[in-house]
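Across the two complexes that follow, chain A remains constant while its partner is chain B and subsequently chain C.
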Partner chain A sequence: MENLSLHHPTRQSAVGAKKMAIVGVVASGNLEVLVERVLPDHECLVEIRTAAEGFGEVWKAVVADFIERYSPGGLKFSINDGGARPDAVSLRLAQAVRLMEEEQ
Partner chain B sequence: MATWQLKRETRDNLIQAGSTVANGKVVEVRDATRLLEAILRPGDRVCLEGDNQKQADLLSAALLAVDPAKVNNLHMVQSGVVLPEHLDVFERGIAKRLDYAYSGPQSARIAMMLFGGKIELGAVHTYLELFARYFIDLTPNVALIAAVSADRDGNLYTGPNTEDTPTVVEATAFKDGIVVAQVNQIVDKVPRVDIPADRVHFIVEAEKPFFVEPLFTRDPAAITEGQILTAMLAIKGIYAAYGVERLNHGIGFSTAAIELLLPTYGERLGLKGKVASRFALNPHPALIPAIESGWVKQIHSFGSEVGMENYIRARSDIYFTGADGALRSNRAFSQTAGLYACDMFIGSTLQIDLQGNSSTVTTSRIAGFGGAPNMGADARGRRHPSEPWLKAGQEADPDGQPLLRRGRKLVVQIGETFGEKNVPLFVEKLDAIELADKLKLDLAPVMIYGDDVTHIVTEEGIANLLLCRSSYEREQAIRGVAGYTDVGRGRDKKQVEKLRERGVIRRPEDLGIDPLDADRSMLAARSIKDLVHWSGGLYTPPSKFRNW
Partner chain C sequence: MSIAPTHMATVPGTVTSWYEASARTRIRLLLDPGSFMEFIGPEKREVSPHLKVFDLPEQFDDGIVVGRGTLGGSKVLIAAQEGRFMGGAFGEVHGAKLTGLLRAARDIGSVPVLILFDTGGVRLQEANAGELAIAEIMRAVIEAREAGAKVIGLIGGRAGCYGGGGLIAGCCSGLVVSEQGRIAVSGPEVIETNRGVEEFDSRDRALVWRTMGGKHRRLLGGAEVFVDDTGQAFRDAALMLLGQVGGFELSTLTNEQARLEARLRDFGGCADAVDIWTAQGIADAATIPALPADQFIALADRFGRISHDAR
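The block that comes next holds the complex of A and B.
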């Protein structure tokens, strides 16, 4: 197990008003993302618990690109990872942001 | 006095020797080894029929049982090294030298035996190359083949899995060789004659049907969102952009995803009738929904696929079938069709380097080539024009004189940036090079050379290598779609953005594709059971693909 905590400032706050959402499942090669609207508007936190060790640099790159692209200010993401590929991680994070765009 | 018919006389004498254990042409199973001892001489070239699908398994076992004091140092010239017996004959000293094309399940052991000096390697070929050499310098003295049934005269019915048999028999029988066939049963009249009796010298009735591997069945349940996204990119960015009607697909999940998106996503893009209508392709179950939706006009096949027999029979407008109604496949012709009459090959691989060379070799495995290098190569002898071929040629050489400019086949590598177990698809140096060093090979086993590859598609986008004007641009175009692999993270970001502005790299958003739309609900079939429903119950999947 490896734990990573990545904290980023964001340009904007995330769209929508939904408080919480979950996407994905914890399974081999997959991941679960819990997202909560609990942070100040221009901050984002991504906490990762992963079964695969030694991919810290890749996680940092994936998360940095994600923040740059979606600017998810105010959101805290908790990831439970079963060894997903980086493209699956990007996709789940994007799906999580889309779910939070809903009004409630 | 010189004699010019020595080989024929020798063959006739050997057939006579073999006849002592036969009743007419028919040999009992228990006498199969004695037959082989009678007709084989040390050092003979032998084709033991086996490819990536069907296997002459009874004759393999019979060959393994010969007395190595009588039969030894054989030179095996065969498409597939697939069964354990194919290598056991080398362990026992029955065989010594090997020329082959494909070794899927035996790829690790074959590497070990080559390294240990148990096998003297001629070369690893593509199917078409090996077939070609059957007629020039690797003509078999004896061919041990597999068929579905035979009559007592020796007419053979090879059924849907005809595959390599006509080619092997042609080279052997017409050059003073001996043909031995194992058949599942001897009948009064064969359903159709695939091989005429005068080319067949002995028949052995096997106790169980020859082995066939269902190699081309991909369970839609295992297709990922990433594969769906790459499939969407390929359909919109390549199939539609070039108007590709004639093509060949590889056997991976990415191309299975394309097959399953044609009736949904492809339909939405208005592409039906405009792309993907004529194939050189095995009967992929994943193509059933597209066929049923009227996308496909015609398919010629290298081999068959277990469980597809009744479906093919009922869809003779689409497939090539014989007088008996069943599929007639032919690997040599289908390979030629893929090489000369298809405008695109699209398939997956295990490793791609910075210039686009690709390989399925890892340091401890030699899987061989099979057919992919012929499918994934520009045919330099091609002379007929077509829209995609001309357009690709124009992109590669925009300033060339149009009337003298060669077209280009589209050779597309598709895959996710990370494969099984998070192994990166992109590498600085192919493992094939290390292997070639280790085994002292003259050539590294490259599946598709970079100069033949025209596009690379990953979930990050499409790299169009036709538009690259230098090896640096080419490298950056490849890095630019290599995602979060080391190769991808090593990109020159500014250069990649420039390539994107020129359309050399196209991202999903450049093509109007939202990655969030890549959802399994877009697949026309999401399980093997769905495929059975699409086929109206005609497709009967093998038990390993059934979970109901």
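The block that comes next holds the complex of A and C.
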């Protein structure tokens, strides 16, 4: 297992008021994303625990692209990964942000 | 990489297949909208203490979602296994969450429990803890039933209901099953490994489905209700069964023993499920596996046995 912790400043805070959401499942080629609104408005933290070791640079690129696209300020993402491909990771992160857009 | 955010949100109601749905989606399909409240949710991070020893990934809810909600306006306690995480298998935390829910039902006495099974049995990486969990859960099911709580099992997931899950299902007040929802203790590969391919060919999918699948379980009386593979069908069946199942007395168990003895006497010599269906008096028994759900339900209602006084 490999642990990664990626901390990013963001342009703005994430939309919505929902405190917590979870999406996905830990299975081969899949991942779960737990997202919590617990950080200051212009910060984002993505903590990753992955079964596929040695892909740190890919994770950094995917997360940087996600932060740039969605500016999820205030959100902490905790990921349990079962070896998902980068496109699946992007999809789950986007789903998680979307779920947090609800008012409660 | 192009991303279209509008296509990404999960839309409740559009996912209607029980088999395809996740544990959390099944709860949403089953209960009254917005009524679910989770106990020990993923944000508590009560993960397995054993998986990290094997360098395996954990899941924040350890593969089971437990909580309370309402069904048709009445309070229920509910547990849903996630069959895609380690085959929905029972580990220490996974099992403890279900045990705790059943003990709460025992202490309350009047609120029923719905268990949405989707499991291959005990998680081998934490086998001792998992086996203990199965025993604790079986005892907790019986204690909850003694205290007056009905315990209903709903089975239609990709992992089926195998191993200790099959044993727990056998302890429930009533079961709802779909065609996909296999119920057994030893799985096809386990039987083949132990007794040889002549005994059971695990690659013969038709054999697996007609031996362990929902249709056979319904006709044998192992499950009370057979439903189509939709969230709405499971919801309707759960509501119906909650209104039907009786109390839990010594006579319930003696009636169940008599039912099982009669079943063994009548069908113990049959080599295949089709032989059993034929012996039950069903014409063209060989066509049953291919029957659409609605036609099968009509047939089962004529031939099947629902024993309200047994189980």
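One rule holds in what follows: the second predicted complex is superposed on the first by the 104 of 104 C-alpha atoms of A that agree within 3 Å, B and C clash if a C-alpha of one lies under 4 Å from a C-alpha of the other, contacts with A are read in each partner's own complex, and residues count from 1 in each chain.
Note that in this section contacts are C-beta pairs under 8 Å (C-beta built on N, C-alpha and C of every residue); 3 or more make two chains touch, one makes a residue touch a chain.
Since the model is a prediction, treat every value here as computed from it, not as a measurement.
Ranked by how many residues of chain A each touches, chain B and chain C are led by C. Touch criterion met: A:87 reaches chain B and chain C at once.
By the document's definition of touching, of the two partners only chain B reaches A:61; chain C does not. Within the superposed three-chain model, A:17 lies out of touch with both chain B and chain C [touch as defined at top]. When the two structures are aligned on the shared chain, A:25 is found in touch with chain C, with no touch to chain B. Applying the stated contact rule after C-alpha superposition, one finds that A:36 touches chain C and leaves chain B untouched. In the superposed pair of complexes, A:95 makes contact with chain B and with chain C alike. With the contact threshold set out at the top, residues 86-87, 90-91, 94-95, 98 of chain A are in contact with chain B in one structure and with chain C in the other. Interface residues of chain A facing chain C in the complex, by the touch rule stated above, are 1, 20, 22-23, 25-27, 30, 32, 34, 36, 49-51, 65, 69, 78, 80-82, 86-87, 90-91, 94-95, 98-99. For chain B in complex with chain A, the touching residues are 224-226, 229, 416-418, 422, 459-460, 483-484, 489, 515-516, 518. Across the complex, chain C meets chain A through its residues 1, 3, 5, 8-10, 22, 24, 41-43, 45, 52, 55-61, 82, 84-85. Listing the residues of chain A that touch chain B in their complex gives 52, 55, 57-58, 61-62, 83, 85-88, 90-91, 94-95, 98.
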